[in-house]
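Contents: one structure, followed by commentary.
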């Protein structure tokens, strides 16, 4: 019995060596298509910068980690901050209690202005009152279109999710859709539910909701496929986020269905898909604009006393439809991740 | 080395044909009962029950392409459930397996896109990275002696954060760029994310890989030294070490195997959807573990099979899609899923109880 | 089940034995300190082929330390440790195993949920075929395990049953048979009868005798002098890390051995003092003069 003849060759070392060698070999062969090089051909135009005194603005959202949408909001806020000589402090937590703590944190830092999202308005009541006592102006963005005034916010920039849904429902009526499914990627999310409810309200055909597991893309794909197989009369799939729209297109193909895909929100892959016609249209709420306007409004308020909507009306940033007719214009901005 | 010696048996006595003594403890149980006691038989019956249930209640399931879709969903869970099951038999957990899938896909995508390289470069770098993550997990667990639950919870959080932060840093977005027009993409897609035609039904290639990996894992587990060691390090680590099993090697390599699985599924995600979102994958690790446990692997290690998790993953995929095919009220989706899984696990439990009862 | 007597994996014991008569394993004044704690000190021990050396002692007497030195888990810090007459220092249990020193621990080093035959070959599996398809030679392993177990007088109907379903005695025997098969010349048994009932203990003692008769040197660690006396050829009693007694079977009886285990020399010294105290029955305690066996000189007493 030879105990020393352990199959050491099965150990990790040779595998790593082979892999490393392969890397070295492949490093020499670069891609002649696409990639970063192609992207870098697009140039950026630099905006001017204000010479007003330096001020600090806190932007506190209910973003869940890794959400593309919020990333665009943040970019808009950063653009405004850069232009207005504002130091932007960004923080986020999807848990309402934690978000309130982050706002309190900003008050303690004695910032010059706070921009917040009102995903759960009641949880924010206390800290908003606190900011008022501290003399810090607060503006709202994105969520909370029906609550911002009640809570005493200065102004609000966003899209009414129900209104956006209703607009999409109307638009679907004009495309001749008869039966749609509305794909919700996070069961129990208020904003997403409002969108689907809005669609159902104005859409004249039949609308059904479908829940998918948003953290697992293959699962999203096969669930949509399954639904399309189960009900072959579905002629339009409505998704509530750009990445899910791209997956829905594949599912339509897999199920052998003829359904069209329409979606809320936008990203640069989606713009391409609208351009080549695989996706019908997208409803954009212009997240970049929300972030930009929120910060810019606080700057204006401090330096010139202006406030949009006179404290009575929200500033609606959406719904803005992106379809074949205007997609080319949107495309160049979307490529930079600003639209 | 007294071990590497003559080719003679130790003792040249004739094989003892001595009295056949049994003391009741070692009596052979009837074959059907012994069969039922196999770890995979309970889950097989559970999966069969679920399948029959949906064949009756959801007519679209009877269609070939629906079955292909269910198998596809099962395969993306199942490919990961296999190494997770082997690791569990080896007595350890990996909570980072869900986000590791996304880490791998992000690595491949960003390396290829940012450096404008052939996508295969990214694929290979991602493989190295995934194996390294696995090796790190294994090394930490073995060297510190901490429960793998804690160590990999740490890795899970690290990877979740790094996925986001690095993607943001490199692409200034939270999702990677579309690589579908780059060199080598078509080739890689053929391997990781293509479909083929079986009698008019489009079957995803992951289903084939899933079954190939399952067959391989079964062979390794039951027919090789390494498989023997997996059972041993999970069943009794100290005893295994005392009789000369390389415990450290076995455990680290098992974690690396999970890394390999994460790489493979990650590549599928990348080449099936062209881009990857950095926030995905969270929570998937529990589904992999659930598939392994439903598949008859003992949470405490030392017991299980590779075929069991195949049925476990199938059951999961079947329930998940079956509810949609049946057209039930989607608000109840998660509740249905839970009830079906619990039911299936109970069947599994009942079978193994019935089998071990004498 | 086919038998395969021409197997290549049978290890050969007797050929590698040293010159007749010399001890296989020998400790000379060996000891071990953990930091400034002296766990073992000045111990002499000899293990001969075909003889059972019993090491007795209470809890904490240093038995475990002694085993750990010989089995290669720890290194001695004083004295000499010789195998086949040459001094050695083992870094790992593997090295000890390679020199034919096998240890059967109290927990038996078996994996309860694995089948008997897999446990038998664990860590030293038989394989066939070239590497990528190198696989376990299951038929040969089962046949060999069955044969080896029967040689030791253990008959199991189903080698596929998990070893955890066997009785404690049976498991102990499988572990001994395994050590014998894999070329052990010296077998260290750590309290093999401690957790067993009377009948099971008897079975295990039978296998210890069987191993001795096959020419192995056995170190039998126990705290039960009755068990030790049934199979032992030489008896060493440890107390507080030093050797209190070292005697051949011819030099000592069971009663005296029991007395040594129960407190031995110290107790005898106490007898006189206790005799002064009314109400303490000292009649049955041994007199110092009764203890005729060669008591090991305490190193502390002889600087």
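For reference, chains read A, B and C in written order, and residue numbers begin at 1 within each chain.
Basically, a residue touches a chain if its C-beta (ideal position, glycine included) is under 8 Å from a C-beta of that chain, and two chains touch if they have at least 3 such contacts.
None of these values were measured; they are calculated from a predicted model.
With centres computed from CA atoms alone, B is the chain lying nearest the middle of all the protein shown. Chain centres were defined as the mean of their Cα atoms; on that basis the chain farthest from chain B turns out to be C.
Chain centres here are Cα averages; for chain A and chain C they lie 71 Å apart.
Taking the mean of the C-alpha atoms as each chain's centre, chain B and chain C sit 43 Å apart.
Centroids of chain A and chain B (each the mean of its C-alpha atoms) stand 33 Å apart.
For chain A, residues that reach two or more other chains under the stated contact definition are 1, 3, 7. Along chain C, residues 9, 11, 94, 97-98, 123-124, 134, 182-183 each make contact with two or more other chains. Residue positions of chain B with contacts to 2 or more other chains are 1, 3, 225, 244. Across the complex, chain A meets chain B through its residues 1-4, 6-7, 10-12, 15-16, 19-20, 22-23, 26-27, 29-39, 64-68, 71, 75, 187, 208-211, 214-219, 221-223, 225-227, 229-231, 243, 246-247, 250, 254-256, 267-269, 272, 337.
Those residues of chain C whose C-beta lies close enough to touch chain B in the complex are 3, 5-13, 15-16, 93-94, 97-100, 103, 105, 107-114, 118, 121-125, 127, 134-136, 138, 147-148, 150-151, 153, 155-158, 161, 165-167, 170, 178, 180-183, 185, 214. Chain B meets chain C in the complex at residues 1-3, 5-23, 25-28, 219, 223-225, 227-229, 231-232, 235-236, 238-240, 242-245, 298, 302-303. Of all residues in chain B, only 1, 3-4, 58, 60, 63, 65-66, 69-70, 72-73, 76, 98, 112-121, 124-125, 127-128, 131, 135, 160-161, 163-164, 168, 172-175, 177-184, 195, 202, 225-226, 244, 246, 249, 252-253, 256, 268-269, 272-275, 277-284, 287, 317, 320-321, 324-327, 330-331, 333-334 touch chain A in the complex they form.
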